[in-house]
């Protein structure tokens, strides 16, 4: 690692971050109401993607449980929203997701590769069906109304969750645990013999990543006003984070963020500008990106930069 | 003093005994060689000691404490480090990071990150890789990857190092360097149990040799005794035609 | 009581026959070509809507088999040659290829479905064919499901013997076990993998056609069947074609039993079974 | 180095601020009425949305625009309708966001409904929050009625369970002497409510419910349940589910030779595709309905208009006339109010009765008044979906007597389209 370049870039980078922070922190003051709503939705996608990347990025375990954690947050919010204040509801949503992830993580320790992905996807569908059965047979209804909260509040809460997610992801990736997670992705057996408690580390990080998806779900539910098991546990939210992360490129920390932002914005464009051809265009973009941009957008960016800079950018 | 001992160690794979009722010990400060034809169960025994596999019966003790039944990371932290037959390094992580993992996670007490970094650098210097610390491990030559594995193992501050085929696939110069590395490790006070196929190397370096065949211990003794042993020559050296590579 | 049990078993077997058929195609695609094809259900949809479309011109669905099968085969074959061959050659490892090919198939799902949507609209479609009971030894069978079951078994057997007995089949199996060596031994590996993918797509097309006899169909039906397919394939052991065949029947039977006991939980039962199996025996019933 | 990066950075920030800032639009001279909709153009709901409300709104808008538009006194001219349709991918979260986009950013003049009961439930509070009239199409359920008080801008056009369908069905059965019924209901608001209302209304008329089974959406095999129903020898089978399951139940009933004396299916039976699939085998199958060509000359004209050059599968004898009537009502309310002001139009919609294709039509407490209905229960007879039951209202026109028992399924079924 060439420390000199990193050091000289640091103030600039921090300055940029600070400016972005200011820009978004005051968005509800100068932006249109809808821009607040749209940015909330984009933030939600970033939270889901980054929280997915926290665990799946370094370890290579493709989790498809995001929709489950997100949905648990949504349902918690729908159940508790009328009785508890918002911060408690969100904490509850996050914690419930955390516990579910701990449980699932502990269960699936033996599963590798595609089996892990399938199990986590099965989880989403199973919860959906069980909850539906419960609602129909026990509560004799299907869905629930969620309390409505004003858009600016939702925005700030989502902003806070986003900040927490990115900071956590950043610090984990920079910490020794980040390195350990990466080693698990490279060779799980060797990591264990290097003294890493692989099972505990995996389970805890998996659960930590679920925390954020759950919190995002808890606040998003208030935007959706009405939810049912199919709305809350929509498998789409399992695939989206994966696609967004790959779209952005997993080689770099900021790749998933860029991927989520552009992907979400692109989708918004397509469903409003080309509603009748949204799927077709979207599918083609997806295939093209996977075929021609294996490193995602960030990979493309790096390819361009390689022309200018002779330096290696093999940062961890 | 016996640093490692095993009694009645047995492991079945689907009804077949890969290791049956093997007793062995390693004394503090020794270099012990573990030899035997392919499929004799050498690596299986390593896997049992390092807890990659769970044994079916028997007991393995390290410094008098039972370690069989622990998890791999616990065995590592107790002071037993290992390398692998087919190199298992973390290819996309730089060399320093590979070793850092060992010093961060593998030591018995845990240490501050500054200490861990110092320890890692020290290990790298010891094996002679300090100049390549920023290179992704996958870009190293095979010989260097093997050294990296050793450095990573050393960074966990082990008392016992299990080395699985350090010199397979190396050229003569590299082989000599590797053998020299092993003696230097011993000189640091680390006990070594090593699997090796190249007879010349192992005979010259080991204090004692254990011979496995079909999962059973068939002989044990100094290199001279082993070379002289009729059983060994019969069952083992007979197979040497292909095992010398 | 005996009659009830018999009814449940028969219903399960009839459903299972369809499941077995849809699963064999994916099993082949994953087992040999290493593509966990999320767009499998879209090929089922193409087969189903193709049959419906042809039925509109008075073509007997069983005759349509001869049309829909080859068409889906060609689409699958070409897709493999254009998309997946490139992915395979540019992927660093088999694991990376499995990941990226799954995502690419996700993109294909979008493309195929939206083209079908543009061509046929999203409305519910269907037709009646052989929808009457057949009395076999006192028990009543649905004629069309019986035909579907017979075809599923027949196609399954043909397929199995094709793989085991013919030269091409042996080449496919060789490629499944060790693509590199098979390549060295003079098997044109790209051609064989594309063939497998095409054959998998063809099985999906056949299955879709038989589904269209039993169920209403529409352009967005694919994903639902992809999920069932994946469950069956895992049940039987990823990549094991006989496993998928048996897995289909087992899932059908279990579905039928749970539907009888508590229909509200029939799908939940599928998922529970699926997840339990992954935990206890991830390699499936027939996997090693 | 620093300068090099700073400039683009500043520019990027300006661009961002521009992107997100409220667009200041000068109000142009009003020359059209913009109507916004978030519809499931893709995803699993597409099959419902595309066959239910879409053909109606497309035809309706074309017709209104062919006449020059809607006359609005405030502007003293006819304003044509411009549709702005977004695809919500069948995702409720996206739908709520697009709804707010339409209202806040596009500032559409009117909001037309999303598809499906659960989406209406999610959309209604939003529309109400911004004081936008929401006149719904596909969907509606009894459980929203307690909320109607707090949602003054919500108007529901489709009939539902206790809004006279099940009571009328129960009357029909009782009249013919049916004593028992077996219910298969889908695990969904629709199934829950219709099954719930049935278990109140049927016993009231001496009809015993001998079994209720709740099935999940996407169920793939109903044969064991149907055989159980067959064993109970119930007079009536009610399949309170959506089209896929209703069609499956019909097919499997044929396949196992199960012939209940009355067969009522949920949404699905009322569509042309039901007849397109089963042909003459539909004879005697009952479903929910509103009208057919025989109901009135106005109705005939409407159906001729809606289904011109369209395959039979596109027909819908329950929802289409109601959605049409709802929007005819809406258009007259605008003309009467003489403005595009939502509140004023809402007040007109609450108070007035307008003549629509149904006849005199009004809303009561947010629901289309029962008195406006032209029918409730339909039955396939010789290829036509006849209205066989309705309330005792002036608009009601029963077009054929209820056939009971229903003829047996033809054996073997002719393999014709």
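A few notes on this one:
Letters are used for the chains, namely A, B, C and D, taken in the order the chains are written, and counting of residues starts over at 1 for each.
The rule is short, and it goes like this: contacts are C-beta pairs under 8 Å (C-beta built on N, C-alpha and C of every residue); 3 or more make two chains touch, one makes a residue touch a chain.
None of these values were measured; they are calculated from a predicted model.
Taking the mean of each chain's C-alpha atoms, the chain whose centre lies closest to the overall C-alpha mean is A.
In terms of their C-alpha centroids, the spacing between chain B and chain D amounts to 73 Å.
Centre-to-centre spacing of chain A and chain D amounts to 36 Å, using the average Cα coordinate of each chain. Between chain A and chain B, the centres computed from C-alpha atoms are 42 Å apart. The multi-chain contact residues of chain A, meaning those touching 2 or more other chains, are 129, 132-133, 136-137, 276, 278-279.
Each of residues 42, 187, 214, 216 in chain D touches at least two other chains.
Looking at chain C, residues 113-114, 117, 264-265, 267-268 sit in touch with two or more other chains.
Because contacts link the chains in a way that matches no line, ring, star or complete pattern, their graph is best described as other. By the contact rule set out at the top, the touching chain pairs are A-B, A-C, A-D, C-D.
For chain A in complex with chain C, the touching residues are 60, 62, 107-108, 110-111, 113-115, 118-119, 122-123, 125-126, 129-130, 132-133, 136-137, 239, 242-243, 246, 276-280, 282-287, 290-291, 294. By the touch criterion stated above, chain C contacts chain A in their complex at residues 36, 83, 86-87, 90-91, 95, 98-100, 103-104, 106-115, 117-118, 227, 230-231, 234, 238, 264-265, 267-268, 271-272, 274-275, 278-279, 282. Only residues 8, 12, 16, 19, 23, 27, 30-35, 37-39, 41, 129, 132-133, 136-137, 140-143, 145, 148, 151, 220, 223-228, 230-231, 234, 236, 271-272, 275-276, 278-279 of chain A touch chain D when the two sit together in their complex. Of all residues in chain D, those touching chain C in their complex are 42-44, 46-47, 49-51, 187, 213-216, 218-225, 227-228, 243-244, 247-248, 251-252, 254-257, 268, 271, 273, 276-279, 281, 313-314, 409, 411-413, 415, 417.
The touching residues of chain C, when paired with chain D in their complex, are 4, 7-8, 11, 14-15, 55-56, 58, 60, 113-114, 117, 121-133, 140, 142-145, 214-216, 218-220, 223-224, 228, 255-256, 259-260, 263-268.
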